[in-house]
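Heads up, the next two complexes both have chain A, just with different partners, chain B and then chain C.
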Partner chain A sequence: MALLEVKNLDVRFAVRGGDLTALRGISFSLDKGERLGLVGESGAGKSVAAFSVLNLIAKPGYIAGGQILFEGKDLAAMSERELRKIRGNRIAMIFQDPMMTLNPVLTIGTQMVEAILAHRKISKKEARAIALDRLQKVQIPSPEKRLDQYPHELSGGMRQRVIIAIALLLDPEVIIADEPTTALDVTIQAEIMDLLLHLCEQENVALMLITHDLGVVSQVTQRMLVMYSGRIIEQGPTRDIIDNAQHPYTGGLISALPQMGEPGARLFQIPGSMPSLKNVPTGCPFHPRCEYATDECRQAMPDYVQAGRVDVACFEVSKRIEQEKHMQEERP
Partner chain B sequence: MTTATVSRWDRFRESFFWYSFKRDKVAIASFIVLLLMVLAAVFAPMLAPADPYDLAQIDIMNSELPPAGLDGADPAFPLGTDAQGRDLLSTILYGTRVSLMIGFGAVLLQSILGVLFGLLAGYLGGKVDAVLMRIADVQLSFSTLMVAIIVGAVFKASFGNLMFGEIAIYMLIFIIGVAEWPQIARTVRASVLAEKKKEYVDAAKVMGFGTPRIMFRHILPNTLSPIFVIGTVQIANAIISEAALSFLGLGMPETQPSLGSLIKSGFDYIQSGSWWITLIPGLVLVVLVLVINLLGDWLRDVMNPRLYKG
Partner chain C sequence: MTSPLVEIRDLEKQFDLSGSLLEQITFKDGRFQRKQEAVHAINGVNLQVHKGEALCVVGESGCGKSTVARTVMGLLSPTAGEIHYDGKRIDNLKGRDALPYRRKMQMIFQNPYASLNPRMTIQQTLEEPVRFHQPDLSQSEVRAKVQEVMQSVGIDPDWGARFGHEFSGGQRQRIAIARALAVDPEFIVADEPISALDVSIQAQVLNLMMEAQETRNLTYLFITHDLAVVEHFGTRVAVMYLGRVCELADTKTLFANPRHPYTQALLSAIPKLEDERPNYIRLQGEVPTPVNLPSGCVFHGRCPHANERCRTEVPRLIATDANVQVACHAVEEGRL
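Right after this comes the complex of A and B.
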């Protein structure tokens, strides 16, 4: 059994004039110690997916259907009290902006000790020792000093280390990292990513990495899923997808990487932009931007097909697979 | 433990707060004056030459003696005496004490109510917010004086004058505190609305903290600066409200006068030439309110997040 299994998750936002669907039939699973990447443009629903895993979608959002099974128990159907025991304790989360995630008026030590004491019945002294140990693990210089410092006294990179240390405080099974390096300096990004990868391997923690950086995904994760307009459109082993993307959107994302083009040449760009939740196109939501779009794409939502070890939702891909099958049958 | 306190003191000395205080002469002067007045009020029983509450020390023959330096002054009464022969200096010291107690007490009550309701309204939102803020609106549409006059009159009628004298100070704290809580509640609500969208609140939820803990431990400390600013100004307002009520005869009884009731008691004799009974406590009241307001202005400038954050 997978550690975390999301089945057919629907998330909607109740707004004036009806519901907006933010996530549509999301299904994926995460094994113990596995690293999964969640990729997509802004507005694809990556962060909503992350928050809904903790059943923490802010109003007016709500989970309209589906299950979030963590060790077999459905988080979507759990009481707030039970959920609180899991949040931070079994599933931790790291946010994008280290400047904003720490409470500005409490010292690092206070925040860490408080987080431990919320879940464990131990003394303050023991909690402080755990906090110190985690700060050492994230390789912060002079960790004892940091405990009594306020967030504004630390640099951005150090704060993100503190946040990773806080995520590790209670030895969680899963860490959800929502664009953990986006707000950081490029030189620090790699350092923090390496640290996170190293710690996840060392502690055997499963990582759900949300990012729009395909480079990071290809280095860190074993499996990835690509989201578009609240749907997973491609899902499978990271290697397979990066080397041979099936969905035209994923292909576009990869070609848009700077290292893919000729030096000095104009970067590839997917024409148009992600549709807003208010007017999602009929059929495949990607069709207005897709060069292979047919009438079929405009009318119906494609189902998932297997292309090698990858699941893809695209009519073009399923047609190609059909053709390949025919050709193999004709050529015995 | 000593290292922690030392570092906290150092932190304070390096802070922008202390730095801007040192550079602002008005703030320093106001603070010194306020400190002296508070100390004088707190230690009134030790400093005052006479006890104005002790009827045995009062001699009616000493009534309406002018302050030192004027014709007919008695050196035993440096600021003169009032119509009952009480030493005005001692009475002012005790009166400042009463006024400050009411000012601080009322603001303490206001803050407790205001912070609690403001936090609940701002953080929980929805129906709780709507109900609490409508109550606040209704409350604000009555003037403090009107509410106080009604409540005061009811209390006075039901308890009788003697009993009323004993509970007057608590009643005034209660009336002024309850009448003014919406000011603080609105301020707190506004800052909570801004704070609760910040990521550290999401982070706290993700850590599995409960709602009360997030409200009081994480959001409240981040909304303290506006509360301090408003609270300071509200102390001055509460002292003025108390003085106004006492002047109307609905505040402190003359047997244990506040600055307001002293002014009132002297007002009856102002025509007969005993101006000092009104003027001197009046000046003390003006100075007290002025320095508190000046300190409030300075606090507002220092704690304005647009000028400085951190």
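Right after this comes the complex of A and C.
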């Protein structure tokens, strides 16, 4: 059984003039120790997906349907009290901006000890020892000194290390990291990503990594899913998708990267931009920007088809697979 | 080679941190002491931008790349050094004398959410610079000009009556580009113009800027932290670290054969699609504060090849090949 299984999740936001659907029929699973990447552009719903795994969707948002099974128990149906035992304890979260996550008026040590004591019945001294151990694990220079420092005394990269140390405090099964390195410089980003990967492997923690950077996904994750306008449009092993993307959007996104283009030449560009939730087009939400769009795409939402080890929601791909099947059958 | 369009000579810029005289004075060890501190944002930068090229300035936060951009544009005045445009010194010009250069040089900013006036319609935003710089144009000529730039950046001229907030980030950046193009500039400084945008929109805006360069004969000074973009866009690249240029080379050579240890580390840190694991050169420590600059080479504290000379003597940019200049003692001595 998968450690975490999200089944047919729908998340909506109640606003004046009706509900906006932020997530539509999201299904994916995460095994113990597995690293999964969630990719998409802003507005695709990746962060909503991450927040809803912890049932952290705040009003006016709500989970309209589906299940979030963690070790077989449905987080979507749990009470706040039960959820609190899981959040931060079994499933930890790392956010984009470390300055927003750390309390500016408490020392690093106080914040770490507080987090431990919320879940464990141990003495402050023992908790401080655990905190120190985790700071050592994230390779912060002079960790004892850091315990008594305030967040503003640390650099951005160091703060994100502290955040990772806090996520590891209670030996979680899953870490959800929402764009953990977006606010950092490239050289620091490389260090933090390497550290996170190394720790997840060493402690056998499952990682759900939300990012818009396909290079990072390729370096860190084993499986990935691509989101567009609140839907998963492609899902499968990371290498398979990066090397041979099926969905026209994924393919376009990869070709649009400057590192893929011929230097000095025009970059491949996907026309238009992601629709807002207020007016999602009918049928496949990508059809207004897609070069393969047909009437079928404009009317109906494509179902998932299997292309090798990858699940894709695209009529064009399913047509191609059908054709390939025919060709094989016709051959003696 | 012909003379450069824009030349930056021995540029230095410091930002004072110490405040007023009273704030500088402290009472210590039985007597009053006066302490002055400054951020050394740029420490002796020499760059030349040639006509028709796109010179990219790359570096991490705090390296002074945006300060270079702002000083060139005259938004900041240099502490020392000179800026020349087409052979004429412009950093000391004031008022009416500076006016022609304000038209010839335009700037595109990073955040299109902040650079458009929220209370002006797009039409007003685009008309204002045209009216200011060409006051003798008639109403219909101004309109025609605005229509032309809007079309060239892919914004429907009928949307002129709308306000900035009605557009997406990519469209706003197009409008910001249109505003720069409206006065027929020769030289454009773009400060991280695509950093706030999504990948698929980044490609659109980059293509638009390349198109404008070809059709309007523009010269760019392009500031960015994203090396992958540079490989695609730039003719030449200047890599900056702590207010100094550590390597200046044409794009192809820099990417094929980076010489300076910092450039090598920076290049290796870009996450590449073909990598299955993070694969990069580890640097020791973090970027030092620009308030107390390290002695010698500013990079020596993090450099794996640093020796005694690096700790004491500031390296100068030295040409190693036809199109490459590197400021590194190790490269100069042949150790690297």
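Please note the rule applied: the second predicted complex is superposed on the first by the 332 of 332 C-alpha atoms of A that agree within 3 Å, B and C clash if a C-alpha of one lies under 4 Å from a C-alpha of the other, contacts with A are read in each partner's own complex, and residues count from 1 in each chain.
Operating definition for what follows: contacts are C-beta pairs under 8 Å (C-beta built on N, C-alpha and C of every residue); 3 or more make two chains touch, one makes a residue touch a chain.
From a predicted model like this one, the values you see are computed outputs, not experimental measurements.
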Clash or fit, chain B versus chain C on superposed chain A: fit
Partner chain in contact with A:Ala92 - chain B first, chain C second, else both or neither: first
Which of chain B and chain C A:Pro263 touches, first, second, both or neither: second
Touching partner for A:Glu296 - first (chain B), second (chain C), both, neither: neither
Contacts of A:Ser42 with chain B and chain C, given as first, second, both or neither: second
Which superposed partner A:Leu253 touches (first chain B, second chain C, both, neither): second
Partner chain in contact with A:Asp19 - chain B first, chain C second, else both or neither: neither
Partner chain in contact with A:Asp74 - chain B first, chain C second, else both or neither: neither
Partner chain in contact with A:Val220 - chain B first, chain C second, else both or neither: second
Chain A residues touched - chain C or chain B, whichever exceeds: C
Minimum distance between Cα atoms of chain B and chain C in the superposition (Å): 7
Contacts on chain A seen with chain B and repeated with chain C across the two complexes: none
Chain C contact footprint on chain A (complex, rising order): 41-42, 155, 157-158, 185-191, 193-194, 197, 212-216, 218-220, 239, 242, 252-254, 256-261, 263-264, 266-271, 273-274
Of all residues in chain B, those that touch chain A in their complex: 4, 7, 198-200, 202-210, 213, 217-218, 221-222, 224, 310
Residue ranges of chain A touching chain B (in the complex, touch as defined): 54, 56, 83-89, 92-93, 95-97, 100-106, 114-115, 118-119, 148, 152, 163, 166
Chain C to chain A touching residues, read off their complex: 60-61, 168, 170-171, 198-204, 206-207, 210-211, 225-229, 231-233, 251-252, 265-266, 268-280, 282-283, 286
